[in-house]
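Chain IDs A, B and C follow the sequence of writing; residue 1 opens each chain.
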Amino acid sequence: MEFTREIYWNVGSSVGVLIPMYLLTLTAFAVLCYGFWQRVKVYRLGQELNRTDQLDRRIIDTVRSILLQSKLLRVAGPGWTHAFFFWGFLLLFIGTCLIVVQADFTDPLFDIKFLTGTFYKLFSITLDIAGLVAIVMLAGLFIRRYIVRPEGLENTKDDLLMHGLLFAILVTGFVIEGARMAVTELGTPLAIWSPVGLVFAKAMAALDHEALRSLHKTTWWLHLLLVIGFIISIPFSKFRHIFTTSANYLFADRGPKGNMVTLDLEDEAAESFGTAHLTDLSWKDIFDADACTVCKRCQDRCPAYATDKPLSPMKVVNQIGEVAFTSPEANLIETVSTDVLWACTTCRACQEICPASIEHVNKILDMRRNLVLMEGEFPGEEVMTAVNQVEVNGNPLGIGYATRGDWAAELGVKLLSEDPDVDILYFVGCYASFDKRNQAIAKAFIKLCMAAGVKVGILGKEEKCCGEPVRKMGNEYLYQSVAAENIALIKQYRVKQIVTTCPHCFNTLAKDYRDLDFDTPVEHYTVFLEKLLGEGRLKFTPGEAISCTYHDSCYLGRYNDIYEAPRALLAAAGIKLNEMIKSRAESFCCGAGGGRIMAEEKLGSRISETRVKMAAETDASTLISSCPFCLTMFEDGVKGAELEGQLTPKDITEILVERLEA
Amino acid sequence: MKTLLVAEYRDGKLLNSSYELVAFAQQLGAESAMFLVGAESVLPAYNGTLYLADVGKYGEYNPAVHKQLLLDVIAKEQPDMVVFSHSSYGWDLAPRIALALNAAQISEVVDIIDGVPVAPACNSKLRRDVKAKTEQIILTLQGGAFGLEGAPNGTPTVVPIDTDVAAQVEFCGYEEAEAGGVDLSRAEVIVSAGRGIGKPENLAIIEALAKALKGEYGASRPVVDSEWADHSRQVGTTGQTVSPKLYIACGISGAIQHLAGMKKSEFVVAINTDKDAPIGEVADVLIVADLKEFVPSLTAKIQAL
Amino acid sequence: MKILVCIKQVPDMESKFKLNSEGNWYDNSDLAWRMNEYDEYAVEQAVQLKTQVDEADLTVLSIGPDRVKEMMKKALAMGCDRGAHISDDDSFKKDPYEIASIIAAFAKDKEFDLIFTGMQSQDRGSGQVGVLVAETLGIPSITTIVDFAFAAGQITAKRELEGGIKALIKTTAPALLTCQLGLNTPRYPTLPNIMKAKKKELLSIPVAELHKVASKQETARMYFPEKRGGGLVLEGAVGNLADQLIKILKDKTGVLA
């Protein structure tokens, strides 16, 4: 017997069937295109932005991300469920296409049938299992959404439509198959190649053929109509993510991570800076809103959201979408609210996890830019004071600039103004320069360099704040002016290599300054010291065993993917780490990023306390970090969380210097 | 040497700072007369001539008129020095007199050394000796810089004065500070919180220490401005001037307004992470420590006594 | 309406002060310069008034060396219309009377309706200049204001007195007001205004054109104050410090008795 089946069995491939079928299908696709065209018009309200450079790389990555569902799989439960559903549905789609190709093209035109023999058997069983998997996964997603319902997951009409429609399409598919098999395949060797269909067929076996044929025909048309409905609903419902999320992979930001547009402040034609209205956004920012599937992964990881602040990165993206499609004239900042905008620590947890390649952080920062540059508004007077202090004294702490290098006097560190011939310039940063607690880190770093025979120089009172906190608070103007001063100074000394102890300084000098014509190599000390370790220039003796945990700073980890160097250094010093529930790319911010180090945390609970509690849960007695902001927050956090004495915040340098081989 | 002391009257009361002027004249060994726009009913305890203008007629704040009244007395007395408090009344009226007399005015004098007035500069981080080049000089004295030994006493010889010069401004009354406060001026122990407490919640540890010492807690202006503490708790020139037996300044760097308000304290302890903070200048003991660690520890030890 | 606001550039009070070689003022090296805090309130109030009334012209004036222009640009960015820089490298040597007479000479024939100054400078702190200017010009002045309203030529201001009490004062323009902390929150200049400020008029006038009087006082010597009572400084572990302090309090005060 030939292993195949008659396409259009029972329905017939008469003109009476084909014409309405194709007419409906074409209409559906026309509506689909119309629907998207309407949306494209809205995307085009945004500013130009080139996101089709390196197109070959973009396409390869996009296809890979879609087919492997790799971005979704970073969260296992719903990730795998969606992935299996997607793979199942994709196979069904491919299968349907193959049928169309054979039944309506190759067979009538060239008399070629390929759905036969072994291929048909494989085709049949694959689709059968794909359908089953899709139904099971859909049921799983349904249970998660409507029965378990994790905190923060919001249900809309779209979700109900999607679950209902997909379920109906899949089930009617099996009913059609079951009815057909009950008439044509029951008892044949072919039947086992459609195991799920067989179950349906056996369930319907009691019906007479006439009833089965009638059921088959009705369900076939119903199934077709459901699919037509599905196609039509794509641009008008969350189904659109099939296209928009996929396209967003293509248009994704390809770095450098965390890069902000360096505004041309001298632009005479510019009437406004930053984002206040929809038209200030780029088209990609508007498109992002359409790519969002409201999966809330960003919200789940947002330190502001987790500590009862009004910010949810997902909501910000959705609000932009709402404004775009319902009231494009509305003021975005008012819609989103300033409390939301100031709450962001720019920790990038939202953006790293987003399965739709949405860029949350810069949207918020662009609105901050508008508030500061156009309105002179800050989250509080304390921030305005700190910003003024950066202007006056080159540091947000408001300490007289002339004492910036005083901490180094006892160590005999050279100022570049005295001797510019050094191996590295240590860009100290404000906290390590002025804050007593953080000066310990600067001193420890110098001792480590001395032990490795590295000649270090600093800028002393000539150094200024790198500008990161003020930039992230929206003050691009002040950022560019301090950056320009630092750059001119460093160039003047012909520095070969810069090392920072602050990940914020590091990220700013190594990446942001690149837009300002600066190309001196910059390293964070963890990477620099790891190299010295590898070269055998640094040796440690493991001291007493202490239970430690390590906090990945946002600007070292998520922004720069430096996860191993700090751990390697600690391992070399004999430290074993108990990792926190949230570590590496999933690390939970200390609360100080995005310029929040300068701001009072007035809303919700303290982010730093939440984080130190996570550290305490590991039973570690030492919380190790590699960022002066983190250290500062944790020193406060352990007091606030009443963990003083139980948990001691320390910097990697402090651990290392204690364990230097004599 | 002859001085004319410009006493102050407000809202039915003679201001105590007026006696600091008397103390100043005594310290200088100078003759003195006193000028007051006040009332017969509240005369200062002062042995000497008191030129008294009727406040009911000339108002409590009426610079152009008070200026004329004072100039008339100066013309009569021909003092070498006209001495004011460096107060809202004094710093407002003194320059008007200085200009009219073509005299030098030296503001906020904290001391006189070998006849040379000493004034603070740069938030009290610096001091300067100021030499006047004119015969007559006008001084305003920093609050608390000159204190009277013992209670003031005496009865003035009142000389009523009048003028018919026109007013330039109209004084329409007072607006009281927000009520519901505490009278810090009577407290024997005050523990004050400055911006160095970091966050409003830390006020609790300051309050706890004050309680352990059976005193009151106070606050610096920035703390009050941030609404971490009630205005009635504010120590300083714009708050209350206090004179407790023990004053503990926690995380207060020592802005001049604050120092002026707490200088009269008998014993001052400052807790600050910055050894060089200006508060150290007036402190008998400066504890260099983080108040968030030190204060709870001190409180616990005092409670255990 | 014509408004004048007078501002002074002072060192940031957190600066590391050193004395000059003559020992009669602070040395200019290693100082961060900024607008005198009280003058910021004055600028803000002047700008608010300008916004409130129609057709106001707001001049900002400062006396000092070239570096003060940087600060004047901030005032222009905050909303002043034009700047008058009285160029004087030796302004720090001039006493309040000389400074006031320079300002008065500038303002004399310009018929300003309102003049705002800070209540005092943070460095010299004499608190005289504003009142001296008003007296020289023969206009009323109200010092240490923490509240200001203007309507139909009538000024209503609140003066801050000791103990948090405020005195309500009224007068009519022309008048001079000296501004105190609490009057307002100075605005942060917006970027377009910073850019516009770069193009605003900023005239430099040699001080000799306006300086016609002799000083009445001079700073003979400047120095760091001595610490009171020896100023015992204790450092070390928190627990020890507490014990030491308790002992001192027992010995020297009656409060732990």
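Following the convention adopted for this analysis, a residue touches a chain if its C-beta (ideal position, glycine included) is under 8 Å from a C-beta of that chain, and two chains touch if they have at least 3 such contacts.
Remember, predicted model here, so these are calculated numbers, not experimental data.
Among the pairs B-C and A-C, the greater number of C-beta contacts is found at B-C.
Using the mean of the Cα atoms as each chain's centre, the chain most removed from chain A is B.
Annotation: 60 Å between the Cα-based centres of chain A and chain B. Measuring from the averaged C-alpha position of chain B to that of chain C gives a distance of 21 Å. In terms of their C-alpha centroids, the spacing between chain A and chain C amounts to 50 Å.
Shared interface positions of chain B, defined as residues touching 2 or more other chains, are absent. Residues 10-11, 60-61, 63-64, 86-89, 91-92, 94-96, 98-100, 102-108, 116, 119-134, 143, 168-178, 188-189, 213-215, 221, 225, 231-232, 234, 237-241, 245-246, 256, 266-269, 275, 280-290, 293-294, 297-298, 301-302, 305 of chain B touch chain C in their complex. Per the touch definition, chain C reaches chain A in the complex via residues 12, 14-16, 30-34, 185, 187-192, 194-195.
Within the complex formed with chain C, the chain A residues making contact are 265, 271, 273, 372-378, 381, 384, 387-388, 392-394, 398-403, 461, 476-477.
Chain B meets chain A in the complex at residues 198-199, 273, 292.
Put simply, chain C touches chain B in their complex at residues 11, 13, 17, 24, 26, 95-97, 119-120, 122-128, 131-132, 135-136, 140-144, 158-171, 181-182, 214-225, 227-229, 231-235, 238-239, 241-243, 245-246, 248-249, 252-256.
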